[in-house]
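Per-chain numbering from 1; labels A, B, C and D assigned in written order.
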Amino acid sequence: MFAAAILAIIVTMLLILARALLGPTVWDCILAINSFGTLTVLLIAAHGFLMERPEFLDIALVYALINFIGIIAVLKFFEYGDLGPGKRARLDEDQG
Amino acid sequence: MIEVLIDEAVLGLMLIIAVGVLYQRNLFAAAMLTSIYSLLAAALFVVMDAVDVAFTEASVGAGISIILALGALALTCGEQKARPVFALGPFLLVLLTGAVLIYGTSDMPAYGDASAPIHRHVAPRYLEDSRGEVGPPNVVTSVLASYRGYDTLGETVVIFTAGVGVLALLGRRRRKAAKPAEEEA
Amino acid sequence: MLHAIYLGLASFSLWLLLSGYFEIFLLSLGLLSTCLVVYIARRMDVADHEGRSLHMHVFRLFGYWAWLGMEIVKANLDVTRRILDPRLPISPEVFWSPVTQGSEVGRVAYANSITLTPGTVAIDLEGDEVEVHALNREAADGVRSGEMDRKVTALDL
Amino acid sequence: MLEMARDLLSWAFILGGGFFLIVGGIGLLRLPDFFTRLHAAGIIDTMGAELMLAGFVLQAGFSLVTVKLLLIVLFIMFTSPTAAHALAKAALHGGYKPRLATGGDDDRGSD
(Lines give C-alpha, C1' and ligand atoms only; values in the text may rest on other atoms or scores of the structure.)
Protein backbone atom coordinates (compact mmCIF):
# COMPACT_ATOMS: atom_id res chain seq x y z
CA MET A 1 0.00 0.00 0.00
CA PHE A 2 2.77 2.42 0.90
CA ALA A 3 4.59 1.32 -2.23
CA ALA A 4 1.56 2.50 -4.24
CA ALA A 5 1.66 5.81 -2.39
CA ILE A 6 5.36 6.20 -3.18
CA LEU A 7 4.73 5.37 -6.84
CA ALA A 8 2.05 8.07 -7.05
CA ILE A 9 4.37 10.55 -5.35
CA ILE A 10 7.22 9.85 -7.73
CA VAL A 11 4.98 10.11 -10.81
CA THR A 12 3.70 13.47 -9.55
CA MET A 13 7.27 14.57 -8.88
CA LEU A 14 8.10 13.84 -12.53
CA LEU A 15 5.10 15.86 -13.76
CA ILE A 16 6.00 18.79 -11.51
CA LEU A 17 9.61 18.61 -12.55
CA ALA A 18 8.54 18.87 -16.18
CA ARG A 19 6.69 22.08 -15.31
CA ALA A 20 9.69 23.43 -13.38
CA LEU A 21 11.97 22.81 -16.35
CA LEU A 22 9.50 23.96 -19.03
CA GLY A 23 7.99 26.77 -16.96
CA PRO A 24 8.02 29.80 -19.21
CA THR A 25 8.27 32.24 -16.31
CA VAL A 26 10.22 32.14 -13.08
CA TRP A 27 6.89 32.10 -11.17
CA ASP A 28 5.97 28.75 -12.67
CA CYS A 29 9.32 27.50 -11.48
CA ILE A 30 8.76 28.74 -7.91
CA LEU A 31 5.24 27.31 -7.87
CA ALA A 32 6.55 23.92 -9.01
CA ILE A 33 9.24 24.00 -6.33
CA ASN A 34 6.68 24.79 -3.65
CA SER A 35 4.62 21.75 -4.63
CA PHE A 36 7.78 19.68 -4.92
CA GLY A 37 8.59 20.47 -1.30
CA THR A 38 5.16 19.18 -0.21
CA LEU A 39 5.80 16.00 -2.17
CA THR A 40 9.20 15.50 -0.56
CA VAL A 41 7.52 15.72 2.83
CA LEU A 42 5.02 13.06 1.70
CA LEU A 43 7.77 10.88 0.23
CA ILE A 44 9.70 10.83 3.50
CA ALA A 45 6.56 10.11 5.52
CA ALA A 46 5.54 7.29 3.16
CA HIS A 47 9.05 5.84 3.19
CA GLY A 48 9.06 5.88 6.99
CA PHE A 49 5.86 3.84 7.03
CA LEU A 50 7.10 1.50 4.31
CA MET A 51 10.21 0.68 6.34
CA GLU A 52 8.05 0.46 9.47
CA ARG A 53 10.01 3.18 11.21
CA PRO A 54 7.70 6.20 11.20
CA GLU A 55 9.86 7.93 13.84
CA PHE A 56 11.65 9.70 11.00
CA LEU A 57 8.64 11.96 10.60
CA ASP A 58 10.63 14.65 12.42
CA ILE A 59 12.48 15.21 9.22
CA ALA A 60 9.29 15.53 7.22
CA LEU A 61 8.22 18.16 9.75
CA VAL A 62 11.50 20.05 9.38
CA TYR A 63 11.13 19.95 5.59
CA ALA A 64 7.66 21.39 5.72
CA LEU A 65 9.03 24.28 7.80
CA ILE A 66 12.12 24.87 5.67
CA ASN A 67 10.11 24.74 2.46
CA PHE A 68 7.76 27.44 3.71
CA ILE A 69 10.56 29.66 5.01
CA GLY A 70 12.51 29.25 1.79
CA ILE A 71 9.54 30.15 -0.42
CA ILE A 72 8.72 33.20 1.67
CA ALA A 73 12.36 34.32 1.57
CA VAL A 74 12.40 33.94 -2.21
CA LEU A 75 9.15 35.87 -2.64
CA LYS A 76 10.34 38.59 -0.31
CA PHE A 77 13.39 38.86 -2.48
CA PHE A 78 11.28 39.31 -5.60
CA GLU A 79 8.94 41.76 -3.95
CA TYR A 80 11.56 44.04 -2.42
CA GLY A 81 14.73 43.27 -4.31
CA ASP A 82 16.76 42.12 -1.34
CA LEU A 83 16.47 40.13 1.86
CA GLY A 84 16.77 43.07 4.24
CA PRO A 85 13.98 44.46 6.43
CA GLY A 86 10.51 44.61 4.89
CA LYS A 87 9.10 47.49 2.87
CA ARG A 88 7.34 48.99 5.86
CA ALA A 89 10.52 49.08 7.99
CA ARG A 90 12.37 50.76 5.15
CA LEU A 91 9.61 53.33 4.66
CA ASP A 92 9.86 54.16 8.37
CA GLU A 93 13.58 54.64 7.96
CA ASP A 94 13.08 56.97 5.02
CA GLN A 95 10.68 59.12 6.98
CA GLY A 96 12.84 59.16 10.11
CA MET B 1 13.80 -4.46 -3.57
CA ILE B 2 11.38 -1.56 -3.34
CA GLU B 3 14.06 0.41 -1.54
CA VAL B 4 16.42 0.05 -4.48
CA LEU B 5 13.64 1.22 -6.81
CA ILE B 6 13.08 4.31 -4.69
CA ASP B 7 16.83 4.95 -4.68
CA GLU B 8 16.94 4.76 -8.43
CA ALA B 9 13.85 6.88 -8.96
CA VAL B 10 15.24 9.62 -6.73
CA LEU B 11 18.65 9.43 -8.39
CA GLY B 12 17.00 9.65 -11.81
CA LEU B 13 15.05 12.73 -10.78
CA MET B 14 18.28 14.30 -9.50
CA LEU B 15 19.95 13.59 -12.84
CA ILE B 16 17.12 15.31 -14.73
CA ILE B 17 17.36 18.34 -12.45
CA ALA B 18 21.14 18.53 -12.82
CA VAL B 19 20.84 18.62 -16.61
CA GLY B 20 17.98 21.11 -16.31
CA VAL B 21 20.13 23.44 -14.19
CA LEU B 22 22.85 23.33 -16.86
CA TYR B 23 20.42 24.34 -19.60
CA GLN B 24 18.56 26.98 -17.59
CA ARG B 25 19.43 30.52 -18.74
CA ASN B 26 17.58 32.32 -15.98
CA LEU B 27 19.80 32.27 -12.90
CA PHE B 28 16.90 32.58 -10.44
CA ALA B 29 15.25 29.52 -11.89
CA ALA B 30 18.60 27.72 -11.76
CA ALA B 31 18.99 28.60 -8.08
CA MET B 32 15.48 27.32 -7.38
CA LEU B 33 16.16 24.08 -9.22
CA THR B 34 19.28 23.65 -7.09
CA SER B 35 17.08 23.80 -4.03
CA ILE B 36 14.93 20.94 -5.41
CA TYR B 37 18.14 19.05 -6.06
CA SER B 38 19.21 19.29 -2.46
CA LEU B 39 15.71 18.40 -1.20
CA LEU B 40 15.97 15.21 -3.23
CA ALA B 41 19.51 14.57 -1.98
CA ALA B 42 18.17 14.86 1.55
CA ALA B 43 15.33 12.45 0.71
CA LEU B 44 17.96 10.04 -0.60
CA PHE B 45 19.88 10.30 2.68
CA VAL B 46 16.67 9.43 4.54
CA VAL B 47 16.18 6.40 2.31
CA MET B 48 19.75 5.36 3.13
CA ASP B 49 19.05 5.80 6.88
CA ALA B 50 21.48 8.70 7.30
CA VAL B 51 18.86 10.81 9.04
CA ASP B 52 21.28 13.27 10.60
CA VAL B 53 22.97 14.02 7.30
CA ALA B 54 19.52 14.52 5.80
CA PHE B 55 18.71 17.09 8.48
CA THR B 56 21.85 19.02 7.66
CA GLU B 57 21.31 18.78 3.92
CA ALA B 58 17.74 20.01 4.23
CA SER B 59 18.53 23.01 6.39
CA VAL B 60 21.82 24.02 4.77
CA GLY B 61 21.31 22.89 1.18
CA ALA B 62 17.64 23.74 0.68
CA GLY B 63 17.37 26.50 3.26
CA ILE B 64 20.44 28.62 3.83
CA SER B 65 22.40 28.18 0.62
CA ILE B 66 19.43 29.14 -1.58
CA ILE B 67 19.02 32.32 0.44
CA LEU B 68 22.74 33.06 0.09
CA ALA B 69 22.48 32.46 -3.67
CA LEU B 70 19.58 34.90 -3.88
CA GLY B 71 21.55 37.43 -1.83
CA ALA B 72 24.39 37.11 -4.32
CA LEU B 73 21.97 37.44 -7.27
CA ALA B 74 20.58 40.64 -5.75
CA LEU B 75 24.04 42.16 -6.17
CA THR B 76 24.48 40.96 -9.75
CA CYS B 77 21.91 40.32 -12.48
CA GLY B 78 19.49 37.51 -13.14
CA GLU B 79 20.47 36.31 -16.63
CA GLN B 80 23.42 34.25 -17.70
CA LYS B 81 25.34 36.43 -20.16
CA ALA B 82 28.01 34.40 -21.93
CA ARG B 83 26.72 31.66 -24.22
CA PRO B 84 28.43 28.39 -23.34
CA VAL B 85 30.55 26.93 -26.11
CA PHE B 86 31.25 23.24 -26.56
CA ALA B 87 34.89 22.49 -25.75
CA LEU B 88 36.17 19.02 -26.62
CA GLY B 89 39.23 18.95 -24.31
CA PRO B 90 37.46 19.70 -21.02
CA PHE B 91 34.58 17.41 -22.04
CA LEU B 92 36.98 14.48 -22.50
CA LEU B 93 38.70 15.32 -19.21
CA VAL B 94 35.35 15.26 -17.37
CA LEU B 95 34.43 11.94 -18.99
CA LEU B 96 37.80 10.48 -18.00
CA THR B 97 37.50 11.66 -14.39
CA GLY B 98 34.01 10.22 -14.18
CA ALA B 99 35.17 6.89 -15.57
CA VAL B 100 38.04 6.74 -13.05
CA LEU B 101 35.67 7.49 -10.18
CA ILE B 102 33.23 4.80 -11.29
CA TYR B 103 36.14 2.35 -11.66
CA GLY B 104 37.20 3.27 -8.11
CA THR B 105 33.80 2.37 -6.67
CA SER B 106 34.10 -1.19 -8.02
CA ASP B 107 36.67 -1.90 -5.28
CA MET B 108 34.38 -0.72 -2.52
CA PRO B 109 32.27 -3.15 -0.50
CA ALA B 110 28.69 -3.58 -1.69
CA TYR B 111 26.07 -1.14 -0.32
CA GLY B 112 24.76 -2.45 2.99
CA ASP B 113 27.35 -5.27 3.24
CA ALA B 114 27.52 -6.24 6.93
CA SER B 115 31.03 -7.68 6.65
CA ALA B 116 32.55 -4.48 5.23
CA PRO B 117 35.54 -3.18 7.27
CA ILE B 118 33.71 -0.02 8.26
CA HIS B 119 31.03 -2.03 10.04
CA ARG B 120 33.54 -4.19 11.93
CA HIS B 121 35.98 -1.56 13.20
CA VAL B 122 34.58 0.83 15.83
CA ALA B 123 30.95 0.91 14.76
CA PRO B 124 29.86 -2.07 16.94
CA ARG B 125 31.39 -0.47 20.02
CA TYR B 126 29.60 2.83 19.33
CA LEU B 127 26.34 1.02 18.82
CA GLU B 128 26.61 -1.17 21.91
CA ASP B 129 28.37 0.99 24.50
CA SER B 130 27.54 4.60 23.63
CA ARG B 131 24.35 4.51 25.70
CA GLY B 132 26.26 3.66 28.86
CA GLU B 133 29.42 5.65 28.09
CA VAL B 134 27.90 8.91 26.81
CA GLY B 135 24.14 8.93 27.29
CA PRO B 136 22.07 10.41 24.42
CA PRO B 137 19.66 7.96 22.76
CA ASN B 138 20.95 8.97 19.32
CA VAL B 139 24.24 7.23 18.56
CA VAL B 140 25.28 9.78 15.95
CA THR B 141 25.00 12.53 18.54
CA SER B 142 27.29 10.64 20.91
CA VAL B 143 29.83 10.03 18.15
CA LEU B 144 29.85 13.65 17.03
CA ALA B 145 29.73 15.29 20.45
CA SER B 146 31.89 12.89 22.46
CA TYR B 147 33.94 10.26 20.61
CA ARG B 148 34.92 12.72 17.89
CA GLY B 149 34.40 15.90 19.89
CA TYR B 150 37.61 17.68 18.84
CA ASP B 151 36.96 16.82 15.21
CA THR B 152 33.48 18.34 15.45
CA LEU B 153 34.86 21.42 17.18
CA GLY B 154 37.28 21.97 14.28
CA GLU B 155 34.50 21.53 11.71
CA THR B 156 32.25 23.96 13.54
CA VAL B 157 35.02 26.57 13.64
CA VAL B 158 35.55 26.21 9.89
CA ILE B 159 31.84 26.52 9.12
CA PHE B 160 31.44 29.46 11.49
CA THR B 161 34.37 31.26 9.86
CA ALA B 162 32.93 30.64 6.42
CA GLY B 163 29.54 31.95 7.53
CA VAL B 164 31.03 35.11 9.01
CA GLY B 165 33.04 35.65 5.81
CA VAL B 166 29.99 35.33 3.58
CA LEU B 167 27.91 37.63 5.77
CA ALA B 168 30.70 40.20 5.82
CA LEU B 169 30.96 40.13 2.02
CA LEU B 170 27.21 40.35 1.33
CA GLY B 171 26.55 42.91 4.07
CA ARG B 172 29.30 45.35 3.13
CA ARG B 173 28.32 45.53 -0.52
CA ARG B 174 24.74 46.30 0.31
CA ARG B 175 25.57 49.13 2.71
CA LYS B 176 27.81 50.71 0.12
CA ALA B 177 25.06 50.49 -2.48
CA ALA B 178 22.53 52.03 -0.10
CA LYS B 179 24.65 55.09 0.73
CA PRO B 180 24.54 56.97 -2.61
CA ALA B 181 20.75 56.59 -2.67
CA GLU B 182 20.52 58.32 0.68
CA GLU B 183 22.65 61.19 -0.49
CA GLU B 184 20.38 61.73 -3.45
CA ALA B 185 17.33 61.83 -1.21
CA MET C 1 7.17 39.36 29.74
CA LEU C 2 3.98 37.33 30.04
CA HIS C 3 4.15 36.55 26.33
CA ALA C 4 7.73 35.37 26.74
CA ILE C 5 6.60 32.91 29.44
CA TYR C 6 3.73 31.68 27.21
CA LEU C 7 6.17 31.26 24.34
CA GLY C 8 8.55 29.32 26.59
CA LEU C 9 5.78 27.01 27.83
CA ALA C 10 4.49 26.41 24.31
CA SER C 11 7.97 25.70 22.96
CA PHE C 12 8.81 23.33 25.80
CA SER C 13 5.57 21.36 25.45
CA LEU C 14 6.22 21.13 21.71
CA TRP C 15 9.70 19.82 22.51
CA LEU C 16 8.22 17.19 24.83
CA LEU C 17 5.64 16.19 22.24
CA LEU C 18 8.19 15.77 19.47
CA SER C 19 10.97 14.09 21.46
CA GLY C 20 9.03 11.76 23.71
CA TYR C 21 11.99 11.41 26.12
CA PHE C 22 11.58 11.86 29.85
CA GLU C 23 15.09 11.60 31.33
CA ILE C 24 16.62 14.28 33.53
CA PHE C 25 19.63 14.85 31.26
CA LEU C 26 17.59 15.15 28.07
CA LEU C 27 14.86 17.19 29.73
CA SER C 28 17.44 19.71 30.92
CA LEU C 29 18.85 19.94 27.39
CA GLY C 30 15.32 20.61 26.12
CA LEU C 31 14.80 23.27 28.78
CA LEU C 32 18.10 24.88 27.82
CA SER C 33 17.18 25.08 24.14
CA THR C 34 13.75 26.47 25.03
CA CYS C 35 15.39 29.23 27.06
CA LEU C 36 17.70 29.97 24.16
CA VAL C 37 14.75 30.24 21.76
CA VAL C 38 12.86 32.59 24.08
CA TYR C 39 15.97 34.73 24.56
CA ILE C 40 16.54 35.01 20.80
CA ALA C 41 12.86 35.74 20.19
CA ARG C 42 12.99 38.56 22.74
CA ARG C 43 16.17 39.95 21.24
CA MET C 44 14.61 39.87 17.78
CA ASP C 45 11.61 41.68 19.28
CA VAL C 46 9.01 39.20 18.07
CA ALA C 47 7.90 37.75 21.41
CA ASP C 48 5.81 40.55 22.85
CA HIS C 49 3.62 41.76 20.01
CA GLU C 50 1.47 38.80 19.08
CA GLY C 51 -1.28 39.11 21.63
CA ARG C 52 -4.30 39.04 19.32
CA SER C 53 -4.36 35.54 17.94
CA LEU C 54 -6.95 33.75 20.07
CA HIS C 55 -9.83 36.20 19.90
CA MET C 56 -12.24 33.88 18.10
CA HIS C 57 -15.15 31.68 19.09
CA VAL C 58 -13.38 28.36 19.54
CA PHE C 59 -16.44 26.12 19.13
CA ARG C 60 -17.76 27.99 16.10
CA LEU C 61 -14.22 27.71 14.70
CA PHE C 62 -14.47 23.91 14.65
CA GLY C 63 -17.89 24.14 13.02
CA TYR C 64 -16.42 26.46 10.42
CA TRP C 65 -13.53 24.07 9.77
CA ALA C 66 -15.96 21.23 9.13
CA TRP C 67 -17.93 23.38 6.67
CA LEU C 68 -14.70 24.57 5.02
CA GLY C 69 -13.53 20.96 4.70
CA MET C 70 -16.73 20.05 2.83
CA GLU C 71 -16.32 23.10 0.56
CA ILE C 72 -12.70 22.12 -0.15
CA VAL C 73 -13.70 18.57 -1.10
CA LYS C 74 -16.47 19.85 -3.40
CA ALA C 75 -14.19 22.41 -5.05
CA ASN C 76 -11.45 19.81 -5.48
CA LEU C 77 -13.79 17.41 -7.27
CA ASP C 78 -14.96 20.21 -9.56
CA VAL C 79 -11.43 21.36 -10.46
CA THR C 80 -10.31 17.73 -10.93
CA ARG C 81 -13.15 17.19 -13.40
CA ARG C 82 -12.11 20.28 -15.34
CA ILE C 83 -8.44 19.29 -15.46
CA LEU C 84 -9.18 15.78 -16.67
CA ASP C 85 -11.73 16.94 -19.27
CA PRO C 86 -10.03 16.85 -22.69
CA ARG C 87 -11.66 20.17 -23.67
CA LEU C 88 -10.26 21.92 -20.53
CA PRO C 89 -13.46 23.92 -19.78
CA ILE C 90 -12.01 26.86 -17.85
CA SER C 91 -12.72 30.57 -18.07
CA PRO C 92 -10.36 32.40 -15.70
CA GLU C 93 -11.43 35.74 -14.34
CA VAL C 94 -10.20 38.29 -11.80
CA PHE C 95 -12.57 40.37 -9.69
CA TRP C 96 -12.76 42.33 -6.43
CA SER C 97 -15.02 41.13 -3.64
CA PRO C 98 -15.99 42.95 -0.42
CA VAL C 99 -14.53 41.93 2.94
CA THR C 100 -16.59 42.53 6.08
CA GLN C 101 -14.27 41.25 8.85
CA GLY C 102 -13.17 43.88 11.35
CA SER C 103 -9.92 42.38 12.57
CA GLU C 104 -6.68 41.56 10.79
CA VAL C 105 -6.90 37.93 11.90
CA GLY C 106 -10.40 37.61 10.50
CA ARG C 107 -9.40 39.03 7.12
CA VAL C 108 -6.37 36.77 6.92
CA ALA C 109 -8.59 33.80 7.80
CA TYR C 110 -11.03 34.77 5.03
CA ALA C 111 -8.31 35.25 2.40
CA ASN C 112 -6.67 31.96 3.36
CA SER C 113 -10.02 30.16 3.18
CA ILE C 114 -10.55 31.51 -0.34
CA THR C 115 -7.12 30.27 -1.36
CA LEU C 116 -7.56 26.88 0.32
CA THR C 117 -10.60 26.14 -1.87
CA PRO C 118 -9.16 25.22 -5.26
CA GLY C 119 -10.73 27.19 -8.07
CA THR C 120 -10.28 30.50 -6.27
CA VAL C 121 -7.09 32.21 -5.11
CA ALA C 122 -6.92 35.47 -3.16
CA ILE C 123 -4.19 37.47 -4.84
CA ASP C 124 -4.46 40.84 -3.13
CA LEU C 125 -6.07 42.35 -0.05
CA GLU C 126 -6.51 46.10 0.09
CA GLY C 127 -8.73 48.02 2.46
CA ASP C 128 -12.15 46.39 2.49
CA GLU C 129 -11.78 44.40 -0.70
CA VAL C 130 -10.04 41.21 -1.71
CA GLU C 131 -8.88 40.53 -5.27
CA VAL C 132 -9.70 36.98 -6.35
CA HIS C 133 -8.53 34.93 -9.32
CA ALA C 134 -11.08 32.26 -10.19
CA LEU C 135 -10.68 29.32 -12.54
CA ASN C 136 -14.25 29.45 -13.84
CA ARG C 137 -17.54 31.30 -13.42
CA GLU C 138 -19.15 28.93 -10.88
CA ALA C 139 -16.17 29.17 -8.52
CA ALA C 140 -16.21 32.96 -8.88
CA ASP C 141 -19.96 33.07 -8.14
CA GLY C 142 -19.29 31.01 -5.01
CA VAL C 143 -17.08 33.81 -3.66
CA ARG C 144 -19.39 36.58 -4.93
CA SER C 145 -22.34 35.10 -3.03
CA GLY C 146 -20.50 36.10 0.16
CA GLU C 147 -21.45 32.99 2.15
CA MET C 148 -17.86 32.30 3.24
CA ASP C 149 -17.40 35.96 4.09
CA ARG C 150 -20.42 35.91 6.41
CA LYS C 151 -19.29 32.71 8.10
CA VAL C 152 -15.80 34.08 8.81
CA THR C 153 -17.27 37.35 10.10
CA ALA C 154 -19.43 35.36 12.50
CA LEU C 155 -16.24 33.86 13.98
CA ASP C 156 -14.89 37.23 15.03
CA LEU C 157 -15.53 38.44 18.55
CA MET D 1 -13.22 -6.65 11.98
CA LEU D 2 -12.47 -3.16 13.20
CA GLU D 3 -8.89 -3.68 12.14
CA MET D 4 -9.98 -4.55 8.61
CA ALA D 5 -12.32 -1.59 8.35
CA ARG D 6 -9.48 0.68 9.42
CA ASP D 7 -7.14 -0.85 6.86
CA LEU D 8 -9.71 -0.49 4.09
CA LEU D 9 -10.38 3.11 5.03
CA SER D 10 -6.69 4.00 5.09
CA TRP D 11 -6.23 2.23 1.74
CA ALA D 12 -8.99 4.36 0.29
CA PHE D 13 -7.47 7.54 1.73
CA ILE D 14 -3.96 6.78 0.51
CA LEU D 15 -5.05 5.76 -2.99
CA GLY D 16 -7.38 8.77 -3.19
CA GLY D 17 -4.55 11.02 -2.08
CA GLY D 18 -2.28 9.52 -4.75
CA PHE D 19 -4.96 10.08 -7.38
CA PHE D 20 -5.37 13.74 -6.48
CA LEU D 21 -1.59 14.23 -6.39
CA ILE D 22 -1.33 12.96 -9.96
CA VAL D 23 -4.31 15.06 -11.05
CA GLY D 24 -2.61 18.10 -9.57
CA GLY D 25 0.57 17.23 -11.45
CA ILE D 26 -1.35 16.87 -14.73
CA GLY D 27 -3.07 20.16 -14.02
CA LEU D 28 0.27 21.89 -13.50
CA LEU D 29 1.28 20.68 -16.95
CA ARG D 30 -2.00 21.22 -18.81
CA LEU D 31 -3.34 24.54 -17.57
CA PRO D 32 -2.41 27.49 -19.76
CA ASP D 33 -0.91 30.15 -17.49
CA PHE D 34 0.66 30.70 -14.10
CA PHE D 35 -2.48 31.85 -12.27
CA THR D 36 -4.53 28.88 -13.39
CA ARG D 37 -1.70 26.55 -12.41
CA LEU D 38 -1.99 27.94 -8.88
CA HIS D 39 -5.32 26.08 -8.63
CA ALA D 40 -3.70 22.80 -9.64
CA ALA D 41 -1.02 23.31 -6.99
CA GLY D 42 -3.91 23.92 -4.59
CA ILE D 43 -5.24 20.42 -5.34
CA ILE D 44 -1.87 18.90 -4.47
CA ASP D 45 -1.56 20.84 -1.23
CA THR D 46 -5.11 20.45 0.05
CA MET D 47 -6.67 17.26 -1.24
CA GLY D 48 -3.70 15.10 -2.27
CA ALA D 49 -1.38 15.70 0.66
CA GLU D 50 -4.09 15.79 3.33
CA LEU D 51 -5.85 12.61 2.18
CA MET D 52 -2.56 10.74 2.06
CA LEU D 53 -1.52 11.99 5.50
CA ALA D 54 -4.98 11.06 6.84
CA GLY D 55 -4.37 7.55 5.55
CA PHE D 56 -1.03 7.46 7.36
CA VAL D 57 -2.70 8.70 10.57
CA LEU D 58 -5.13 5.76 10.41
CA GLN D 59 -2.20 3.38 9.96
CA ALA D 60 -0.18 4.88 12.80
CA GLY D 61 -2.88 4.30 15.40
CA PHE D 62 -2.57 6.39 18.54
CA SER D 63 1.02 7.39 19.31
CA LEU D 64 3.54 10.21 19.07
CA VAL D 65 3.69 9.50 15.34
CA THR D 66 0.04 10.54 15.03
CA VAL D 67 0.80 13.82 16.78
CA LYS D 68 3.63 14.52 14.34
CA LEU D 69 1.46 13.65 11.35
CA LEU D 70 -1.30 15.93 12.60
CA LEU D 71 1.27 18.71 13.07
CA ILE D 72 2.33 18.25 9.45
CA VAL D 73 -1.31 18.34 8.30
CA LEU D 74 -1.97 21.53 10.26
CA PHE D 75 1.23 23.03 9.02
CA ILE D 76 0.49 22.38 5.35
CA MET D 77 -3.07 23.68 5.83
CA PHE D 78 -1.78 26.95 7.28
CA THR D 79 1.26 27.57 5.09
CA SER D 80 0.11 26.49 1.64
CA PRO D 81 -2.49 29.26 1.16
CA THR D 82 -0.01 31.79 2.54
CA ALA D 83 2.65 30.67 0.08
CA ALA D 84 0.16 30.63 -2.82
CA HIS D 85 -1.09 34.10 -1.95
CA ALA D 86 2.44 35.50 -1.60
CA LEU D 87 3.40 33.92 -4.91
CA ALA D 88 0.37 35.31 -6.75
CA LYS D 89 0.88 38.75 -5.27
CA ALA D 90 4.57 38.78 -6.12
CA ALA D 91 3.80 37.69 -9.70
CA LEU D 92 1.13 40.39 -10.05
CA HIS D 93 3.45 43.08 -8.72
CA GLY D 94 6.22 41.72 -10.92
CA GLY D 95 4.13 42.74 -13.93
CA TYR D 96 2.73 39.33 -14.86
CA LYS D 97 -0.88 39.76 -16.02
CA PRO D 98 -3.28 36.82 -15.70
CA ARG D 99 -4.75 35.58 -18.97
CA LEU D 100 -8.51 36.11 -18.80
CA ALA D 101 -11.37 34.54 -20.69
CA THR D 102 -13.65 37.59 -20.56
CA GLY D 103 -12.82 41.13 -21.60
CA GLY D 104 -11.31 40.10 -24.90
CA ASP D 105 -7.76 41.27 -24.14
CA ASP D 106 -6.17 37.84 -24.38
CA ASP D 107 -2.93 39.28 -25.70
CA ARG D 108 -2.18 40.77 -22.28
CA GLY D 109 -1.10 37.35 -21.03
CA SER D 110 2.66 37.02 -21.27
CA ASP D 111 4.12 33.55 -21.55
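Simple rule for what comes next: contacts are C-beta pairs under 8 Å (C-beta built on N, C-alpha and C of every residue); 3 or more make two chains touch, one makes a residue touch a chain.
All values reported here derive from a predicted model rather than from experimental measurement.
Simply put, of B-C and A-D, more C-beta pairs touch at A-D.
The mean-CA centres of chain B and chain C are about 33 angstrom from one another, to the nearest whole unit.
A straight line joining the Cα centres of chain B and chain D is 28 Å long.
Computed from the mean C-alpha positions, the centre of chain A lies at a distance of 12 Å from the centre of chain D. Per-chain Cα centroids separate chain A from chain C by 18 Å. Contacts with at least two other chains are made by residues 13-14, 30, 58, 61 of chain A. Shared interface positions of chain C, i.e. residues touching 2 or more other chains, are given as 18. Residue positions of chain B touching 2 or more other chains: there are none. Looking at which chains touch one another, you get A-B, A-D, B-C, C-D.
On the side of chain B, the complex with chain C involves touching residues 135-137. Residue ranges on chain A touching chain D, taken from their complex, read 1-2, 4-5, 7-9, 11-16, 18-19, 22, 24-25, 27-28, 30-32, 34-35, 38-39, 41-42, 45-46, 49, 54-55, 57-58, 60-61, 64-65, 68, 71-72, 75, 78-79. Within the complex formed with chain B, the residues of chain A that make contact are 3, 6, 10, 13-14, 17, 20-21, 23, 26, 29-30, 33, 36-37, 40, 43-44, 47-48, 50-51, 56, 59, 62-63, 66-67, 69-70, 73-74, 77, 81-84, 94.
Taken in their complex, chain C has these residues touching chain D: 17-18, 20, 72-73, 76, 79-80, 83-84, 88, 90-94, 111-113, 115-124, 133, 135. Contact residues of chain B toward chain A in the complex are 2-3, 6, 9-10, 13, 16-17, 20, 24, 26, 28-29, 32-33, 35-36, 39-40, 42-43, 46-47, 51, 54-55, 58-59, 62-63, 66-67, 70-71, 74, 174, 185.
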